[in-house]
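Both complexes below contain chain A, partnered by chain B and then by chain C.
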Partner chain A sequence: MDHSVVAKDIAYSYTEHRAVDDISFHIDEGEVLGLLGPNGAGKTTTLKMLIGLLLPQAGSISILDMDMAHDREKIQSLIGVCFEEKNLYDEMSAAANLNFFASLFGSKHIDADRLLEKMGLPPDRKDNVANFSKGMKQRLMIARALVNHPRVLFLDEPTDGLDPVSAETIRRVITEEKELGATVFLTTHDMMEADRLSDRVGFMNEGKIVALDTPDNLKHQYGKRVLKVRYRSGEKITERELSLEDPQTGSEVDRILAQHDVRDMHTEEATLEDVFIHFTGRKLEE
Partner chain B sequence: MSRVFTIVGKDMRQMLSNRFIAVIMVLGIIFYPVIYYLMPAKVDETFKLGMYVTQGRKQIEKQLAQEEGLQVTWADTERQLEKLVRDKDVQAGFSLSTGPSEQKATLLVSSDTPKEVRDAGRTIGREIAYALLGYELPVEMKTRIIGKDMMGAQIPLRDRMKVLILIFVLVTEVFALANLLSDEIRRHTVEALLVTPVTIGEFLSAKAVTGVTIAFAEGMAVAGLLGVFTLRTFIPVMIFMLLASVFVTALAFLAGAVSRDFVTSIMWSMLAIIVLIVPGMSAAFPAGSYPLIQLFPVYHLVEPLNGMLNYDIAFSQYLPQAAYLIVFDTAILLAGFGVLRRRLLT
Partner chain C sequence: MSVARAAKLVRRTLLGGRRNPMLYAALAVPFLYTLIIQLIFGTFWQQEPTLAVFEGGRRAIVPVLQRNGAVRVAPTASAGEVKRIVTEKKADVGIVLSADLAEKLSANEQATLTVYIGGESLAQSRAVALAAVVDTLRQQSPHVPQIDFAQKYVGEEQALSISQMLLPFIVMVTVFFGGFMIPASMLIQEREKKTLDALLVTPVQPLDVLAAYGFLGATLAILVGVLTLLFNQSWNQPPLLILVMTLGAILMAEWGLVAGIFIKDTATLFANMKLFGIFLYGPALFIVFPSWPQWISRLFPTHYFIYPVFRISIYREGLSSVGSDVAILGALTLVSLLPIFFLSRRLASL
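== the complex of A and B ==
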């Protein structure tokens, strides 16, 4: 399979702080790669290098077989970017924002109404974006990222702090774009979202990618699968967590069932959170 | 190129939709011409003199009645004469005490009276003293006019102000463009532009075109309202206004690059204006062209505009100033580009 994005040994430092420390990865065509990590891990700096806003101080970036150092303009005509900051022109309407950005890509006529409808935004709304809610602005940001029918989409925390309806709309559109063949690079704090949307997930911590694989592989390899049992033992309720990897678990379950009044029992799948804790020793929000 | 003009179109709409900027631009176009037309169109050449004499008042009154351009206010005491001078009811006061033991002539002027008014008062005083005392003045005074004799055609203050108004109108653009630039940076909209095929060069060019176009259009509109255009002055004024527009745009680049928000963009713009523009404006006034002031670029705008519009001096006389401005504009515009580019890339 062709790689749409290839980052090779890229690095970037802000004065004393090494934000991105010689990382390498690739994204296949039509793949969604989720990059997870806490604040300050280097996700946004990585994204800024991938979209051509920062030049890597070391290493190289290739997108759609073009070198970012030499073909930045060509690459940027084929990508779409949604930033974490709501950097829209507030004094313009939603359609005017879309038309303005489309014209920068050389598109004279775009179907702004269709894009707005796709994002669940009212196409007949003529007032300025300044009056929009946070969720509406974010959906408009995604619409803006799509004005040039990009082959690679870069999304920086696209659902961060949004209401469930807006977040779900954005997740649906990401899935649709993937189905249409777009490659997606996604940074997020949301483990569930990364698990659901990403074909592969990378964990970033202190400027390095500490793990990169499919969510299932990562969970299988580094997560803990357990059986949770809650039973009455005399007057009190006891809760126990039994590892499914432990060969003794079967006999222990038999013993509990025979001796106690079991209230409930269920397996708990490993999560990406567990994987993250495995690699960093801390939770994502810490 | 089309991307540059697409951004220019957006910038124009954005600037005009900013109420503060729109208001100061419209006020600039309306307010300055109104002020100009409210100022007196002619110079009042009447010399107002206060007089106090201990004797011979009727004789002097009779003699002075024939003098043109002299308006005499009589005081009954020397103290009253002092008050007339202090209250600026007269430009100078002349007191003449003649008695058997003492003859004393005093010219009274306030501390801020210009030298030429003092000289005029002294001359009139001598003549009166001569008429009253009856002997020749020891010194014969002659006047030599340097340059065009403006007797009877002195430049009214409003025409001197006309040049400054043109510069002031352009100064407004420093605020407007600096704010537009700092706004793009602060709101991260510049990042949204720079991940499209728009290059930093195109972005900066678009801002330069926006700044120069708006400043030039506003400057020319005000120049038209002030009535400065004639067949002879149209092209020269247009050239200097264009150079001035580039200059204020470059200042805005510098101010916008170091500004964090609207308030700091105003502060930096003010600083740039105070340091680089205000001193040069004194060139519009007599004795304002002292050597140090020629270091300020605006001197090379004010001096030619003043000369061409108020003294009928030919444009060809000011080619060195135009050349200086072209070099200075290029340098400061490149500096502005450099500072802004550095800000955008970090």
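== the complex of A and C ==
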């Protein structure tokens, strides 16, 4: 399979702070790669290098077989970017925003209404974007990222802080774009979202990618599957977690069943959060 | 760099909804300043030059002069009063018509007229007043009148009115708001609103953005600058003035772009302008205060814009006297272009 994005030993430092520390990865054509990590891990700096806003201080980036250092303009005509911060022209209408950005890609006419409809936005809305809700603005930003039918989409925290309806619309569109063949690079805090949308997930911490694989492989390899048991012990309710990998778990379960009044018992699958804690020793929110 | 993409950015700025307040300021401030200065110091409401006239004898010429719409005629009772009125700046020009003038004109004889010229009067006013006199005498004479004007300057010859001395300041304001502040504030606003990032991940390149806002600022500065000079009745030697205005506007736009690249927010831009604005306006002060050592003015780069504009628009001087200043201005404009190219990449990384 061809690689749509290849980052090789890229690094970037802000004065004393090394934000991205010699990382390498690739994204296959039509693949969704989710990059997870806490604030300050280096996700946004990595994204800025991939979209050509920052020049890597070391290493190289190739997108669609073109070198970012030499073919930046060509690359940027083939990618779509949605930023975390709302950076629309607030004084213009939604359709005017889309038409203006489409014109920068050389498109004389785009079906702005169709794009707005796809994002669940009213197509005939004439009022300025300044009057839009946060969720509507974010959906419009995704629509803007699609005006040039990009072959690679870069999305920085696309659903962060959104209402469930807006978040779900955006997730649906990401899935649709992937089905249409687009490659997607996604940064997010949301483990569930990354698990659901990504073909592969990378964990970033302190400027380095500490793990990169499919969600299933990562959870299987580094997560912990547990059996959770709640039982009455005297007057109080006790809850215990038993590792499914521990050979002693079977006998322990037998003992609990024999000796206590078990209220409920269920298995819990490993999560990406567990994987993250495994690598960093802390939760994503910390 | 793509001209088409830069043009799209300019179009969006001008037509895309609510505009940057600096655009309105660039259009309004020079005219506001002109109006205030003219109202306080100038002759804004008095367009016609005033001609003080004494005519001896039967006073046949004064009534004809009074019918001439180009001048306001102030008849006097004596030749001495003509001089006094001009000295007191109540008239731009004064003229004494001898009692035998009509006879000399009829006989096609040479006549000499004493003309008092106010040292602070505008050159335009002097020309209009004397043309009105010649025109009137021609009407009174069956022949081409043979007249000599014995000119006597009253007051300091090269002295200027305050409004004229403040003209360079107004022109500098014009070019500063249009040329400097528009590119700087547009760039800073794009950065503050993060829309710059959105532009720079499309095929739009940093140089396209700089070219768009530089062009917008410089063009506006030239247009408003020309209008300001017209408004101040100082539109002399148009080709040379346009050249100087264009170079000055481009220079200011280049500096505005550099400021826009380095300064991170609008508040800092205004704070810096308060601190360093004197370096832009400084040479205008040296024109207002001619007793200051004028060589200091030459240390300011804007001297090479302000000074030629002043000499051309007020004194009608040409390239022979301001050529070296214009050449230095051109060189400064070219040199200031270099940092734009070097710093353009910095736009994306801020």
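Throughout what follows, the second predicted complex is superposed on the first by the 286 of 286 C-alpha atoms of A that agree within 3 Å, B and C clash if a C-alpha of one lies under 4 Å from a C-alpha of the other, contacts with A are read in each partner's own complex, and residues count from 1 in each chain.
One rule holds in what follows: a contact is a pair of C-beta atoms (placed from the backbone, for glycine too) under 8 Å apart; a residue touches a chain by one contact, two chains touch by 3 or more.
Source: prediction; values computed, not measured.
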item: Combined model on chain A where chain B meets chain C, clash or fit; value: clash
item: First (chain B), second (chain C), both or neither touched by A:Ala58; value: neither
item: Which superposed partner A:Leu257 touches (first chain B, second chain C, both, neither); value: neither
item: First (chain B), second (chain C), both or neither touched by A:Phe100; value: both
item: Chain C collision site on chain B, chosen from 4-12, 76-84 or 94-102, when both complexes are overlaid on chain A; value: 4-12
item: Contact residues of chain A, present in both the chain B and the chain C interface; value: 51-55, 73, 76-77, 79, 81, 83, 85, 87-92, 100-101, 103-106, 144, 148
item: Residues of chain A that touch chain B when the two form their complex; value: 51-55, 73-74, 76-77, 79, 81, 83, 85, 87-92, 100-101, 103-106, 144, 148
item: Contact set on chain C toward chain A in their complex; value: 5, 8, 12, 16-18, 193-195, 197-205, 345, 348-349
item: Residue ranges of chain A in contact with chain C within the complex; value: 51-55, 72-73, 76-77, 79, 81, 83, 85-93, 96, 100-101, 103-106, 128, 144, 148
item: Complex contact set, residues of chain B against chain A; value: 2-3, 6-7, 10, 13-14, 17-18, 187-189, 191-199, 345
